[in-house]
Amino acid sequence: MLLLLLLAVLTVTTAAVPVIDRLPGRWTGWTLAAVLALAAVPVLAAGPGLWAGGAPVEAHLPWMPSLGVGLHLRMDGLAWLFCALVLGVGALVTAYSAGYFPPGRRTGFYFLMSAFALAMTGLVLADDLVLLFVFWELTTICSFSLIGLSGPGASRPAVRTFLLTALGGLALLAAVVLLWVRTGTTRLSEILGDTAWTQDTAFTTVVAALVVLAVFTKSAQFPFHYWLPDAMAASTPVSAYLHAAAMVKAGVYLAMRFTPAFTDNPLWGPVLITAGLTTAVLGALLALRRHDLKELTAYSTVSQLGFLIAVISVGTPQALIAAAVHTLAHALFKATLFMAVGVIDDRTGTRDLRELGGLARAMPVTAALSALAALSMAGVPPLLGFVSKENVFEALLDIPHAPWAGPLAAAVAVAAAALTVAYSVRFVYGAFWGGRPTRTGDDRPREAGALFLAAPVVSALSGLVLGLGVALLNPMAARAAGDATGRTAEPHLALWHGLNPALGMSAAALLLGALLVRFTSSGERLARYRLPPVRGTAVFERVHAAVISAGVRTGDATRTDSPTRHLAVPFVLIIGFAAVVALAGPDFGPPAGPTSRPLDWLPVVLVAAAVLTAVTTRSKMAALALVGLAGFATAVWFLFLGAVDVALTQLLVEILTVVVAVLVLRRLPAGFHRVRPSRTAATAVIAVLAGAAATAGAYALTGRREPSAVSAHLLDNAPADTGGTNVVNTVLVDYRALDTLGELTVLGVAGLIIIAVLHSAGLTADAGERPAVSRTNPVWDADSNTVIMRTVARVLIPLLVVWSLYLLMRGHSAPGGGFIAGLVGGSAFALAYLAAPSASVARIRLAYPAVIAAGVLTALLSGLLGLADGSFLRPLHADVPLPWGGHYHFTTALVFDVGVYLAVVGVMLTALNQLGLPRPGADAAEASPTAGRSTATGGTR
Amino acid sequence: MTLALTIGVLTAGAVYLILQRGMVRIVLGFVLLSHAANLLLMSAGGVFHRGAPLLGRSATEALADPLPQAFVLTAIVIAFSITVYMLTLAATGTGDETEDAS
Amino acid sequence: MTGPLRRALRITWFPFFYGARVVASSFQVARDVLTPGSAASPAFIEVPLQARTELEITAIANMVTLTPGTVTVAVRTEPPTLWVHGLYTADEHAFFADIHRMEDYLLGITRRGGAPARTADGEVSP
Amino acid sequence: MNPVDIALLLLGASMVVAVGRILVGPTKADRGAGSDVVFFGFVGIVALLGLRLDSDALVDVVLVCTLVGFLAALSLARLVSGGER
Amino acid sequence: MTPLEVIAVACAVAGSAVFAVGALGLVRLRDFYARLHGISISAALGTALLLLGLLLWFPSPANALKIGLALLVQLATAAVGGNALARAGYLDRTPVTADTRRDDLAAADPERHGSGD
Amino acid sequence: MNPVLLPLLVALPLTGAALLAVFTSRTAVRLLLPATAALGLAGGLALLGATGGGGILVHQVGLWPAGVSIPLAADAFSALMVTTTALLVLVCSLFALATGEAERRYFAPLVLVLSAGVYGALLTGDLFNLFVFVEVMLLPSYGLMAIAGTLRGLRGGRTYVTVNLLTSTIFLAGVALVYGTAGTVQLGELAGAAQRSPAVAAAMGLVLLAMAVKSAVVPVHGWLVRTYTAPSPAVTALFSGLHTKVAIYAVYRLYAVVFEGQASLLWIGLVVFTATMAVGVLGAVGETTTRSILVFHMVSQIGYILLGVALFTELGLMAGIFYLVHHMVVKASLFLSTGAVEHVYGTGDLERLRGRARGEPLLALAFLGAALSLAGLPPFSGFVAKLTLVTAAFDAGRWTVAAVAIAVSLITLMSMLKIWGSVFWGRPPEPETETGAESGAGTGTAATATAVRTAPPRLRTALVLPAVALTAVTLCVGLGAEVLLDLSAQAAAHLLDTSTYVEAVTNR
């Protein structure tokens, strides 16, 4: 309950930041600090109970029960330590922020700081791996956003940091999922409590490697260390909290958590200690070379994190105690130093050691607390840093793996510690005592106000107090290390252990450090040497660029607006598919009857002739006519197969296609483009293979079964069910009217989109060849010459209309129906259009979109009427008595068909009127006969 | 077999045209391809019974499967709609050309 | 015979009259098609018409086109004129005579008074 | 052999000839002429199939064919003249 | 077969033969305009015979109406289509054979430019 | 909910569309378009309510016997899809109203027909009817694609039409072969047919192949990448949420019902979809405009979504369905937030946009949230989606697939940060003098006439809210993941054991 409340308070606070931030002045920071401090109180209060051996505090709330993932929280000794750190340092830093920033609204900053506190608290309290991961990623997002928030220049570092830490996050995700799948649970305590799964060394090694990756990226271990200095683009409070005290410790926390599972793994220890010590030395070395105090502090953080990782690798309770105490010590001194850097920056306007010096006089408090923190960092008694570092040395000496490992590791650690001493001196001496005094006189810097300094003072003094009273930390450290390792830990934290190797190492480190300070001018000389030119950010950018260029190349493969290439791929796939099926050689059974008749060869030959010639001709007109022939031959096939309605529709559609195509072709050049022979050959190969596949598919996969049940039902029941005897038509308007409704919608939409597209894009200028004959020749005169067509059309048009209505009415019992009738009606309009002496006369001034819409609405209406009989599109029947006796069998299917009719006619009207618009430029040509003639000379073949 | 052959010839021609330059050839290719698909639908109903499914005119036994015929009718009209639209596209913008250069 | 009856008979007789005309000229063209060589002497010839209404002009123009050996290429309504592509125009007199015979027959149907009388060279007598 | 089959063959051959004209051209007008023959031949084929398949449903098809043939002929002519009316 | 059916088949065969002759004209005749005359054979005489054959095969009043209508439309098509095509060909300046005797159309052109010879 | 009402989901938008085709006034559009879209959403929610507990609604349209009738059926899967579709239609319509695009000629009716097609496709239990509804969905899309009137739009329009027509024809051929082999196209009657008969399997293979092209999996993804960048942002958002997703839905449904999840073929899917994930994300990171990045990235996400069916385990299917819904929402949000920028500044070119977060914090937040969700970061829905999917992959022993899925999400983040860093962060651009926007910018409004202006205009709230709303949805779905997880599990259950669905559809 306590833990849920804690998270709830933090959540509510975060959500409330936009409201809180309306407070005037610096109150947002103070309020947040107060909340964090208050939140820390019950946590701290729970400490003694835990140290006394009490059960961990737990809380549960369901989240994703179907996955078995819940809001399981658990505070044991280890979690307590980190939780206290997060809240405590959080309170200090937010309080500091209030003074750091000039008054004004900073909603984003405070929101993210608060969210970060929430995320970090959640992370250390999570007893569910998934939950842990969620909070882990949230800290990453907060870090990314906070860095980016600090200004335009910070966006690149933010992105770099984000991507790198996200890489680690994904490794963690993989580890989480692997463990989950392996153990069947996401409960961290259960997984770590029962480490039967660690018997599988291969599996454990994989998981360990993933966790290592997560830890290293989050805690800035070599070779990923570079992000941390990069992240210094963020404002100082962010650096102090996220990039020194809290977020970077998430890796440390994770490594400590997983210690029981991985200690025995052959990968874990060596990798951790190698990387840790390398990082410790490298970080310290780099810190010593910095001029920017913030960068120095950042590299120092890297180095200290290296110490922590190295000591965790040892895996013994002693080592974990050292890690726990050093985590605490580091949080305190590093937060102090960052805050001090912020103060210096604020007061002097610079962080560059070359411009700073002798600030101690002007800023004595800052100088004092910086010195306290630096001494703790350097491991000088009686500060907490001394105790923690000595424990680290001691633990390292006890590396269990090999007898030589301990001394070697300890030696390296001493070297790193010596460097630490050196850069600690560089920081404090360089800024406060040495160097040229920073500005003098009235311009000289002044000490910061009490409220600004309050937070660093608290953290600096804590390091001193806890160092002096370090024995008080024993129960806490014991519980933390015990909970981390699963073994009992017996801490003996004290300022004085007697004369032991660790003390010697401490002394050695201090001595060596002093020598370094002496002979390198506090590192100043080192700064002149060039280090190997490998910079982390540069490597990152190179990898980044490589990925992007790989991406560009990937995109290049499809970077074309020519439909052809996009169309070729599916064809090739189908050919491949057919080949695979053929090679598998499945038995599809014998044909259920004879598959051909002699007369069939007539359409075969016609189709073949049409297709062969259509593909070879370079004349668009010829191609159009030949494709039309192929359509006619197809219609013959339909007739052969007993599909009269289909043949009729096919014919009508074919002709209307030709009519429309002519309207389009006249605007285009008469010939097709030339194509390279190689491309023609490739195309031909694909075409022939596709044709073979189609033939094989059609032959093998059809005609090998008995007539279907649905076919039998239709043929047996159509008249009884629907009152119709043209079964195909009953399928269209009764049984599967939904299909027809869709089809009619498609047709109607085609009409609309033709209008829409032409409305927005317009037709191309006419590219067809102009007639070559003089305009004064009698053959030109359209008014006279169309008299024949007009006169015949005047007879034919009413004939077509009547005929179409007849076809509409009889569709249910004979070939016909809405579509066929509509197409015939449509051809009446086409005829009227063609016969007119000019395009403007030809225009049919009907609201054709309305005709289309009326058609669709009529069909829908007849469908809705069906609801009266229990279903949409269920036809209603009525026998209408006729005045001359007998009765007419009326069905709403006919209404539906009327809708179809209207839509078809509407679309034909649309196509003719829209595509038949006068040719752009035609009027101009008429106005100037010379224009007509000049085309005439060029236009003949 | 004859029907399958027709389907194959139509498909081959269609594929060839579709893979050429220029919108008009592509459109014509698709017209052929839809013929092929429609014949395939007819083929799916079987080719042994070829009587027109108009009841009351002849014996029911030899009648062709009406369902694929209805399918084809629907498919023809849909293909027609798209063809008309594609022809419109061919007449807009850059005209027929579909490629920048060969 | 009275006018209406006469016209009814003419209408009834029309298919046979025109059918014979078509068959005859079909054979003429078919001979050119089926045998080597050609007797053709093509030309585009202007044919002034007696027909006046659009229906008359249309009908005669169509009859000309439908008859193998002659095709109407262009039409003018004011004054009514056809331009006919004739395949066998060596004997222009016969060419015009054939067309005039059809026109006269037609006008005999469409007009109460029948076709106006013509002179020997096909011109309409004043 | 059914005499109607011979007739079908003749019409089929006619259409192949017409296809040749469409393909060879050389003028748009020639292609138009070839196309006309194709369309007329098709009407003929449908009529013959009426006999051959003994299906009077084809009478309707013939009628529709002739009706739309008119449209086709006019359209193709329009194309020959470059869209000129 | 009934006698009527025999006549029907005979009509059909004769019609297709006539049609084929006209179609052959597409190859044999020398220019576009000459070929139009061949088409007339097919379109008028050929199809008329074929339609007559169909009517005789299904002799009924309804069919007579339909086929008669079809014949009329077919002839109209042949005529109007032939005219349209001829004119279109002329507009497109389709070349004529060298032995074309004269061109009154060009003569009727006041501007006398670009005539079809 | 009475199953008799199922067809109304199709009929009502069609009615709205028909009315809007006649009444084209601004007022009519502003009233009818959102109202009809909202009606669809209400219908979807009602469906969810009726099916969320595992029920299935079936209606044999026309009340003919099962097998003769076209059945419309809704289970949790279709209900989820319908609801998400309706949400997107509504939000994208509102966005289009805000940009003014909705008032273009026939935009509104086309969108409504499109939605009707999608609803029909999601509900139908008949293969041929599916073909028809896919066409009902596609035809308006052809118009919407080219409606922008730019050259790029027209060219994209051509590729779009031709590829989709080809795919539809392949699909139709597949349906033909299915009828040829099985003698039925009714899904219920086809249950397990592919497992019983190699002929049906081959025929269905062709259908699935067509669906694969439609869902733009590698190597047939190029068309999507090239065409979805062409229309306006609202249209792209709509398409991204609807089109490929219908194909994906069909793949799930068909493989589950007709193949009964046949295990021996799953490897093909694993290979193809893994490649799709990888190729898509690489392509995305290489692009240089907001839209092309997002579009290319769709390909990658399609790979993720389809992995679910390729795993064909309970968890896998559930993960895939969850991912599907999540993706529809998030991708639309991204298109709309970047689209708002594109609309106002006239370009989506990363080089020309900078520092937009400062002026448009809300929009920036909407983008960032959705981007993080896309990359699978908590607390957004994308995290749950990725988590379940990766878990399912590991659980099925597909380590490589899981590893690729994880690695791809890093590059996803990279590509999203590319947009973020370029468009929203950084120094706002110096006043530029250039005015000629590229023709590819695409919205066709006055804003396209000028590039980034000296004084950047503020975005209207109506332009920002759609993206914000969708990002809020992804956040809520992430935080309260259980609701969607539960529905996805319900949906997956019906795919894993199709007997309930089959019995309902066949009336047995």
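As written, the chains take the letters A, B, C, D, E and F, and residue 1 is the first residue of each chain.
One rule holds in what follows: a residue touches a chain if its C-beta (ideal position, glycine included) is under 8 Å from a C-beta of that chain, and two chains touch if they have at least 3 such contacts.
Listed by chain with UniProt protein names: A = Multicomponent Na+:H+ antiporter subunit A; B = Multicomponent Na+:H+ antiporter subunit C; C = Multicomponent Na+:H+ antiporter subunit E; D = Multicomponent Na+:H+ antiporter subunit F; E = Multicomponent Na+:H+ antiporter subunit G; F = Multicomponent Na+:H+ antiporter subunit D.
Just so it is clear, the structure is predicted and the values come from calculations on it, not from any experiment.
**Student:** What is the graph distance from subunit B to subunit C, where chains are linked when they touch?
**Tutor:** Graph distance in the chain contact network comes out at 2.
**Student:** Name, by label, each chain that touches both members of the pair subunit D and subunit E.
**Tutor:** Under the touch definition, subunit D and subunit E have A as mutual neighbours.
**Student:** In terms of touching chains, how many steps apart are subunit A and subunit B, taking the shortest path?
**Tutor:** 1
**Student:** Based on mean C-alpha positions, I'd like to know which chain lies farthest from subunit B.
**Tutor:** The most distant chain relative to subunit B turns out to be C.
**Student:** Return the chain whose centre of C-alpha atoms lies at maximal distance from the corresponding centre of subunit A.
**Tutor:** Computed centres place C farthest from subunit A.
**Student:** Counting C-beta pairs in contact, which comes out ahead: B-F or B-D?
**Tutor:** Higher C-beta contact count between the two pairs: B-F.
**Student:** Taking each chain's centre as the mean of its CA atoms, how far is subunit A from subunit F in angstrom?
**Tutor:** 14
**Student:** Would you mind pulling out the distance in Å between where the CA atoms of subunit A average out and where those of subunit D do?
**Tutor:** Chain centres of subunit A and subunit D, defined by C-alpha means, are spaced 59 Å apart.
**Student:** Once you find the CA centre of subunit A and the CA centre of subunit C, what distance in Å lies between them?
**Tutor:** 80
**Student:** Determine the centre-to-centre distance between subunit A and subunit E, using the mean Cα coordinates as centres, and give it in whole Å.
**Tutor:** 68
**Student:** Subunit B: which residues touch two or more other chains?
**Tutor:** 18, 26, 36, 40, 43-45, 52, 54, 67, 71, 74, 78, 81-82, 85, 89, 92-94, 98
**Student:** Residues of subunit F touching 2+ other chains?
**Tutor:** Within subunit F, residues 128, 132, 135, 139, 142-143, 146, 154-155, 157-158, 162, 166, 173, 176-177, 179-180 contact more than one other chain.
**Student:** Going through subunit A residue by residue, note those that touch at least 2 other chains and give them in order.
**Tutor:** 561-563, 567, 624, 640, 644, 656, 663, 665, 667, 694, 697, 702-703, 705, 707-708, 710-711, 714, 736, 739, 742-743, 746, 749-750, 753, 757, 761, 769, 771, 778-780, 785, 788-789, 792, 796, 799, 814-815
**Student:** Kindly provide every pair of chains that touch.
**Tutor:** According to the stated criterion, the contacting chain pairs are A-B, A-C, A-D, A-E, A-F, B-D, B-F, C-E, D-E.
**Student:** Write out the stretch or stretches of subunit D touching subunit B in their complex.
**Tutor:** So the residues of subunit D in touch with subunit B come to 55, 57.
**Student:** Once bound in the complex, which stretches of subunit B touch subunit D?
**Tutor:** It is residues 52, 54 of subunit B that touch subunit D.
**Student:** With touch defined as at the start, can you tell me which subunit C residues reach subunit E in the complex?
**Tutor:** On the subunit C side, the touching residues are 22-23, 26, 29-30, 32-34, 38, 40-46, 61-63, 65-75, 83, 85, 87, 89-90.
**Student:** Applying the document's contact rule, which stretches of subunit A touch subunit C when the two form their complex?
**Tutor:** 778-779, 781, 783-785, 787-788, 790-792
**Student:** Under the definition above, what is the set of subunit F residues touching subunit B in their complex?
**Tutor:** 128, 131-132, 135, 139, 142-143, 146, 151, 154-155, 157-158, 161-162, 165-166, 169, 172-173, 175-177, 179-180
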